[in-house]
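What follows is subunit A paired twice: with subunit B in the first complex and subunit C in the second.
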Partner chain A sequence: MARVIVVTSGKGGVGKTTTSASFAAGLALRDFKTVVIDFDVGLRNLDLIMGCERRVVYDFVNVINGEANLNQALIKDKRLSNLYILPASQTRDKEALTHEGVEIVIEELKKRFDYIICDSPAGIEHGAHIAMYFADDALVTTNPEVSSVRDSDRILGLIASRSRRAINNEEPVQELLVLTRYDSERVERGDMLALDDVLEILGIPLLGVIPESQTVLLASNEGVPVILNERSDAGHAYADMVARYLGEERPHRFLTHRKNFLRRMFGG
Partner chain B sequence: MRFLELFRDQSPPSASKAKERLQIIVAREGRNSALSSDYLQRMQRELLDVVRKYVAIEQDHIKVNLDREGNCEVLEVNITLPDPSSGRPLHHTKLRGR
Partner chain C sequence: MSATTTTNPPEQSPQRAAFELKGSLFTLTIFYLQSSDLAVITQHLRDKIAQAPGFFCHAPVVIDLNDLHDPVDFTALVALLRQYQLIPVGIRHGSEAQSTAALAAGLPLLPKQRAVKRPDTAPEPQAPEKPLRKYTRTRVYSKPVRSGQQLYAPDGDLIIIGTVSGGAEVLAAGHVHVYGSLRGRALAGVHGDNHARIFCSSLEAELVSVAGNYRILEKPSDIAKLHQPVQIYLESERLMIRPLT
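What follows is the complex of A and B.
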């Protein structure tokens, strides 16, 4: 049975698209047939992060409007044969994603794929709502920073009250925390909210902590999901996260900062 | 170890300030707070439906109010029942809970 997973956050710029790209690629690496959908109508970006921007011909809205079929719009990833991308439209009509249209597309994708990853736009408006509406699981992407945590809390409220599962009184959406841009050195200095603080405030289980890493920007420059960079700590963290999602036990790395002797002596 | 810390600024780390502020704001407007959602209106409609099963009342004969007293949120439900003979509002049923 296919699962629909929304990657959401409320706040913008916290790493939703980075997480969507790496999580989808990670599932595909594990031999699951995976599709990742960009719900950010008007501000398409997943294609860039996935490195397929020049291959976009048709998009999500074209499929909904019947201007193209799914096969025409789905882009097959060049690196992973199990991975497909459904790009967002560049239309400025924010209401282009109708409930009925999205439902038809998702039901069709469920027949063909094991996992459907929905990359949500920022905000709590129509786009974010429709992205999370059909979800079975939600990866709540959060930075250890006050405004991001507050917005994640708002989004959790939205998922709990206005998702399809909530409205139909079904088993609730499984909400999982993905804490991104975590800088353990700053946490140890007391300059950044610690993982435990965020967990205490949001009260949802942890799926993964992604360390602040230079390699995330480098990966986006090249259009390669960072999980495919074998030398990236963030990539390793995403691989662990995918393993945990699939039920494996993986210790959380990257929570402590390894200091060298001199820094340990003199602080800093 | 860390002897240089003796010379450092001793004010509490800013992360703990962040946590404290978040706890307050999330309690006030977050998903667990009654004030945050539109649940009052929905509850008012549902209460109206339930009461109407037994007594004929109008929309405005039920009042739901949420107040804050110190750290407590006080929920007040006020239902005006009609006089059984004349149909005019007569009895007041008041529920109050914290």
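What follows is the complex of A and C.
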């Protein structure tokens, strides 16, 4: 049975698209048929991070409006044969994503894929709502700072009250924390919230901690999800996160900065 | 600029209407106006805001004119209220002249209340047909109350098994119990019950209130109680915060 996973946050710029790309690529690496949908209509980004921006012909809104079919709009990843991207439209606005239209597309994708990853726009308005509405699981992407945590809390409230599962009184959406851009040095200096503080406020299970890493920016400039960079600590953290999602036990690395220190010493 | 310009019709999605109208009921704050003197009103608003900045944070209010027969400068009044983060949405119980002036200032007239009763006048004695204290339903909520959520028990107690996040608000006509950390706002006795109390396992609240007596927790003496199980109640109009153990 296919699962729909939303990557959401409330606050902007915390790493949703980075997480969507790497999580989707990680599932595809594990031989699951995976599609990642860009819900950020008007501010499309995912295609850049996935390195397929020159292959976008039709998009999500075209499919909803019946101007193209799914086969025409889905872009096959050039590295991973199990991975597909459904890009957003850059020229429309979020209202183009109607409930009925999105539902039809998601139901159709569920027949063809194991995992459907929905990269949500920031905010709590229509775009973010429609992205989480059909979700079975939510990856709540949060940075270790007060405003990001507050916004994640707000999004959790919406998931608990306004997702399809909540409205239909079904088993609730599984909420999982992804703490990104974790800079253990700054945490130890007290500039940023520690993992425990965030967990205490949000009270949801931790799926992964992704360290702050320069390799993320490099990867997105190259259009390669960072999980595919074998020398990246953030990439390793995403690989651990995918393994945990699939039920494997992995210790949480990257929580102390001793590692950063060694890395700086040896230039890894 | 040329005289003939072509304009494209705006983009439309033909299958969707631009809006829908539906009736709905709201609980609104009533602003009983007792003076038409803007300076007096300003002073009063200032005092209130000084006690609790942000308490009325953009609350919609209805201006009630039952106690005031003077003419009112509604345009100036609206500007003043908005400056203090109250948003007037209409008036009621105005005289004919007041109502005309309000309409001219863009304030709609809201229907009269059937029995006009001031909130602080003693209730009229009633024949004791029903038992004095009728059974009221307690609302039990066993999920975290997240930032931006509001939970209300309009005619009884409210029990929350979980935390109340910063930016969340829980209100009850009766007591409020929070079996978790209270980090947002808690208001007990919102209809004026002086005996209502707030109980919580860990006090980290932004604001607490019993029967309209509210306090924001920022003084050192308040902060000393933070992260402790406490109860909060009124003792001759003073809000007391006491450890539970």
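Keep in mind that, in the parts below, the second predicted complex is superposed on the first by the 257 of 268 C-alpha atoms of A that agree within 3 Å, B and C clash if a C-alpha of one lies under 4 Å from a C-alpha of the other, contacts with A are read in each partner's own complex, and residues count from 1 in each chain.
In this section, contacts are C-beta pairs under 8 Å (C-beta built on N, C-alpha and C of every residue); 3 or more make two chains touch, one makes a residue touch a chain.
Computed from a prediction, not measured in an experiment: that's the story for all the values here.
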Could you tell me if A:D197 is touching subunit B, subunit C, both of them or neither one (first, second, both, neither)? first
Partner chain in contact with A:I104 - subunit B first, subunit C second, else both or neither: neither
Partner chain in contact with A:V187 - subunit B first, subunit C second, else both or neither: first
Taking the superposition on A as described, I'd like to know which of subunit B and subunit C A:L70 touches: first, second, both or neither. neither
Between subunit B and subunit C, which makes contact with more of the residues in subunit A? B
Would you check which partner chain A:A96 touches, where first means subunit B only, second means subunit C only, and both and neither mean what they say? second
Taking the superposition on A as described, I'd like to know which of subunit B and subunit C A:A166 touches: first, second, both or neither. neither
Of the residues on subunit A, which ones does subunit B touch that subunit C also touches? 150, 153-154, 156-157, 160-161, 201
Hey, which residues of subunit C end up touching subunit A in the complex? 13, 16, 143-149, 162-163, 165-168, 183
In the complex, subunit B residues that touch subunit A: 1-5, 8, 12-16, 18-19, 21-23, 25-26, 29-31, 36-37
Where on subunit A is subunit C touching in the complex? 95-96, 98, 124, 150-151, 153-154, 156-158, 160-161, 201, 203
Would you mind writing out the residues of subunit A in touch with subunit B in their complex? 145-146, 149-150, 153-154, 156-157, 160-161, 187, 189-194, 197, 200-201, 264-268
